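Same chain, two partners: chain A is paired with chain B first, then with chain C.
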Partner chain A sequence: MLTTLPFKIIFTLAWRNLWRNHRRTLIMLAAITVGVWAMIFMTALMRGMVDDMLDNGIRNLPGEVQINHPQYRDDPNINNSITMPDSQLRQALQNSNISAWTSRVRVPAVISSERDNRGVTLIGINPANEARIGFDPGSIIEGRFLGDANDNGLIIGAKMLERLETRLGKRVVIMSQDPDNNIAERGFRVIGIYKAKLASLEENTVYAGIETLQKLLKLDDKISQIAITGDNYRHIKSWYEPLRIAAGDNLQVLPWYETDTYLGSMLAMMDGFVLVWIIVIFLTLSFGLVNTLVMAVFERIREIGLMQALGMRPSMILYQILTESFLLLVIGLILGNALAVISIIPLQDGIDISSVAKGMEMMGTSSILYPALKLNDMLLASIIVIFLGLLTSILPAWHAASFDPVEALGKD
Partner chain B sequence: MNITLQMAWRNLWRHKRRTWLTVGAMIFSNLLLVFMISLQFGSYRMMIDNTLKSYTGHLQIQRMGYNDNPKIRNSFTDIIPLANTLRKRLSNNKVAARGVAFAMISSKQRTYGLQIIGVEPAFEPAVSTLPGLLTSGRYFNDIDAEEIIIGRVLARNLRVNIGDELTLLGAGRDGSIAAGVVSVTGIFDSGINDIDRLMAQLPLGYFQSLFNMNGQGHNIVINAEELTQVTLLKNTVSKILPHELQASESQRGKPNANEQQLVILDWNQLQPGLKQAIQADMISAWFMYGVLIILVAFSVLNTQLMSVLERTREFGTMMALGVKPGRLGTLVISETFLMSSLGLIFGAALGAALSYYLSFVGFSYPGMEEMAGRFNLPDRMYPSLSWLSIFLGPGIVFFCSLLASAYPALRLFFLQPVSAMKAV
Partner chain C sequence: MSSITCKHLYKTFQQGDETITGLDDVSIRIDKGDFVCLSGPSGSGKTTLLNAMGGLDSPDSGQIFIGDIELNKLSKGQLADMRLAHIGFVFQSYNLIPVLSARENVEFIMQVSGMPEKERTERSYKILKEVGLQGMENRLPSQLSGGQQQRVAVARAIVSQPALILADEPTANLDSITSGQLMGLFVELNLRHNITFVIATHDVHVMKYAKRLVKMQDGRIISDETQLPIKTE
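== the complex of A and B ==
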């Protein structure tokens, strides 16, 4: 009669056995809960950091994909400019997965006020398109954004303003080089001041209207680069390939992870870190889990012997112990996940880490950390814990199932 | 006490498997902790050393306010004599004066704006690694030579080579135009793109005449033999530096344009990002270590609680025979003590062995190269072993395990011998 038990009875037996020694079960549950919470909480913080790093990084490139002159990256000079996209490339840029693209002029220049001068990266932009992909008009703290591509104003960083000892509305002189190697210079009025998430940007990047710069640098309608975004840095394959083909061999089309290999490797490393972290925590937990099961089996040797003597199959005993372990893991996971969600909700508005801001900037993150709780990470942690947990439980369960009934009954 | 320890030792081996599983959890986490902490110590040290050696140095003497506002006019007089005095008084050759300016640099084809550093040819190699990184040409040998050393990327972008001439154009200290022609004598490759593109060096004497510095300069770099001696060196330098030149505490932050007051800044004030990056890394690392330690403590708590509960009858009998609860508590603590000692010894030994091995062959993981470059680290990391890095983590695990067994031990004080003896 007891040879094969319906699942429901195994479940009931396992559930009741679990609470026979409630202290032990509660301690183990607490350990699993803390472990799972730590897995998810830490992962959310790290993900938040890397997301921020990638968002900042890609906004600064800008775009997930850039089209440049093949020599431009090595030598960002005015002579390595490209023409506006031809009809074939324009068609590829119509791809429905591409949400915005913009063309830019980007050259090294020198900026001078009456008091001081600095080397800068001078960027000519199409204000309307740029706002959707690179420079964020919301970061302007004083003055206004460029009106159109012909605007004669200049946008500079707050840090730069301080260095140059100039003010909003004052004139500064920009000096650069035209394609014939002549010095090209003109005065610009500072019309806007921006504050970047990363302070180093503020010190070395200034923005002007693209057509104004094309005139100044005698570029006609040539540009330095085209930046393209699909608003999702993980999925660019669908539009990156066709773009590369349409651009031909005379243009270099690069995805963000090749333009900035640091960013690319951070994403890969983050995925690796999450896995290693989950497994390390699990291994630490697994000693306790096996221990708990070993103890549970040990104090029930006689009982198990009796059940076997009554005709219960060893496999049923195995299932029963595994079910106990499964229940323990599932309850621990539910509590751990819930705790993680509860502890992250109050942190949604960001954690202020400005006390180490300069250090975080070396990594490319801003001074407020937004935890990113992802369903995928919660699932990954849960699946690893259940799977490996059951795997490690097989040993004590198998041990219990292989008792000799006569010997087991004889134990005291 | 002797007999208590003996009983505790025997009690441990009544449940071999349980004891080993608990000790196993300790060994595993101790091994990880020793490895991680050694690796952290090793990489922090390297990060500081590499960053400071490339340019910043351990200490800098600057005019007050220069660090926040590095302008050419914030310079101070007689920089070379002052550096000479310091060298003599410190009997330390790792002292070098520098000037810093901004200029446009042009070859026949190209023009770029960049930072120009004036250096003392005889002493700069003692404070910075850059002169040793020349891939072609030579370093300066005359302080007044009209020569320049530039980075690999800049040389490529300017399309120049050794012996080619470059034109410099900038503003002097007094706002006058500074223009000169120099020949390229050396090209360095620091491996850091920004330095290789945005920095060039001139001999200090020529720098001073080009930028109309009138014998002035912007900072004196002083290096200690070891990072640990920096504070001491800072005090010594402060005693040597003429008192009337130094800014007093109350003057800090209120630069006075008329008088020149000098400050001595250490690497931490010069590169605040460095220490903060280390702090940020420390915080996240200790969160992780904390979780590991708590999980081990739970494991110990569980084992010890079970071992006390299953011995209720035994303990009841012992108490009935006159054993004081305090002694039983000591017994339980002794058991944990022995167990934790095993974990400590094996864990620390294994962790030290692993770290020792890796301190020779190095350690790397995919993606590390790109990340390491950002923090001036080489592409392999070498753990640095010390007594602290070996025993810090395991010591905390040991302590927390003892703490975790306090609850089971304290329970014994509430044990009633009669009911305990009847317990199943």
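== the complex of A and C ==
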């Protein structure tokens, strides 16, 4: 009784049979290669778009985790402020996976120029820390960024500047409420104008030094929120939980996907979409694959009958056909992956999609699309192609293995 | 494996609306070391009986024993194992695997049965030399003549020294000289290694080499005679 499979002969037969009809094999290989390339290339583009959307979104929140007063999200009024982090929380913020954190004052306010006034979100920031999490100093298109937390200047968006019909260097008045519900107002000089990836941000958010605002709003050292960021928005669990415990019950600690559930759902939707995309492309490929194998089997019915007559078990015939399919898939995967890498590398500096950027902006993406080639996506595509490829090959392989040797030997 | 015993074999085939009788109450015993020729016109049941003896086809009723093993009770896989271990097949034509060289074709059975590479290589070179194909070991079947291909098939059938060789019209596509050489080889193997041969043929020249001549007609055995085979060189 045969106990082990003769892999060498199965592999030899599979490999040589694969190249028996060069043209058919090459056409099928081309189809698999292009299919795998399409899976990975399109996934990289979509990932790039969603990564950009999430990066922008998280930067605008800002932070991958936020600590607020438990009522702040429902009512962002000045009375729902929190104190600066205590020693226990500061220790948790020293976690090696946390790359930066900052404290902010964030209140609703009214900004008035000589010609117009508008409701805005007034944010007090510590410029040095903020630059690592939220506001990007590189987005200043005119003027300068805040020098320190006591800076008396104001940074406003280019669109807001347009609406207020003011300009760099002019004074504007900010008006809000202090904790006693008294009006707190003061004049600020516009020291910087920024351009944001999201038009909505540019239109309704202004930045000032955090200590300047604390004085204006009589907050002492109180703040509205602490924003924290790590190395990767996908992997925050390792530091989010310790932070939540250290913050205690009097503070609300929320990850980005709960702070902005739309962003959170984008990530899950993207992962699901990638899977569906890969499977849809594979399904179109599978017809060609099955057809190739069926043709290969029908062309050598007599030969399969002969091998059975000589003592090859049906299971070995099955493995032989599956090995043929496996080899075809593996070669196609190697070529497809290589083609995807080669075609994505030159695009690492970004693809200018400014012609459609207006529409894309609504979704929170910028006008330059950076394809994000991820090893996980390549592995996922490869595993799905191999797994489903072998699954669809079982039918022709099973068919070949169940030939009646006498009938098969009688075929021309 | 000692002998082959067939008891009351019946087999019919359906061809359109017509039922064709392949085997009609065939009973025969073939002892170890026998050299049997099954003769008869086309459709007489020679190949059907040969296929049944080799476990390639199963009769509608009746029993086939190879030694003590009843073939009807074996699964497809077990039948394949039995053929691999005990039976060598030689078919009429096109019986080589086209993607394997002459040597690889000869090694096929040994490789499937898991024989070490060194041993099977030695055996294949030796047997190919014996059948007169030295120097052609690495040729593909398409690069060999019909006679050479048939000799490779014979080499493959005998290389693992099976107890039984079943040959279906082995000389059908060969010229008379090659045919004589092949039959001489069969006789030599029969005498030297006591290998049992059952050959289905309607070639009267082939029948002369047999120790026993079984004539078939319409699926029945009509005569079973022992004879004095012609002498080979």
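Operating definition for what follows: the second predicted complex is superposed on the first by the 406 of 412 C-alpha atoms of A that agree within 3 Å, B and C clash if a C-alpha of one lies under 4 Å from a C-alpha of the other, contacts with A are read in each partner's own complex, and residues count from 1 in each chain.
Everything that follows uses one rule, which is that contacts are C-beta pairs under 8 Å (C-beta built on N, C-alpha and C of every residue); 3 or more make two chains touch, one makes a residue touch a chain.
Every value quoted in this text rests on a predicted model; they were computed, and no experiment measured them.
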Ask   = Sharing chain A, do chain B and chain C clash or fit in the superposition?
value = fit
Query = Looking at the overlay, does A:20 come into contact with chain B only (first), chain C only (second), both, or neither?
reply = second
Query = Looking at the overlay, does A:38 come into contact with chain B only (first), chain C only (second), both, or neither?
reply = first
Query = Given the superposition on chain A, which partner contacts more residues in chain A: chain B or chain C?
reply = B
Message = Contacts for A:312 in the overlay, against chain B (first) and chain C (second): which applies, first, second, both or neither?
response = second
Request  = Return first, second, both or neither, reflecting whether A:295 touches chain B, chain C, both chains, or no partner chain.
outcome  = first
Request  = Based on the superposed arrangement, let me know which partner A:12 touches: chain B (first), chain C (second), both, or neither?
outcome  = second
Query = After superposition on the shared chain, which partner residues are touched by A:119: those of chain B (first), chain C (second), both, or neither?
reply = first
Query = What angle, in steps of 10 degrees, lies at chain A between chain B and chain C when each chain is taken as its C-alpha centre?
reply = 100
Remark   = For chain B relative to chain C post-fit, closest CA-CA distance rounded to the angstrom comes to 13
Inquiry  = Give me the intersection of chain A's contacts with chain B and its contacts with chain C, in residue numbers.
reply    = none
Remark   = As the complex stands, chain A meets chain C at residues 1-2, 4, 6, 8-9, 12-13, 16-17, 20, 302-303, 306-316, 404-406, 409
Note = The chain A residues in contact with chain B across the complex are 21, 23-24, 27-28, 30-31, 34-35, 38, 42, 45-46, 74-77, 108-110, 116-120, 163, 175-177, 181, 183, 261-262, 264-266, 268-269, 272, 277, 280-281, 283-285, 287-288, 290-292, 294-295, 298-299, 353, 355-364
Task = Using the touch rule from the top, collect the residues of chain C that touch chain A in their complex.
result = 51, 54, 56-57, 76-78, 80-85, 87, 89, 91, 94-95, 97-100, 104, 108-109, 111-114, 156
Note = So, in the complex, the side of chain B touching chain A is made of residues 15, 17-18, 21-22, 24-25, 28-29, 32, 69, 71-72, 102, 104, 108-115, 156-157, 170-171, 198, 272-281, 283-284, 287-288, 291-292, 294-296, 298-299, 301-303, 305-306, 309-310, 365-371, 373-375
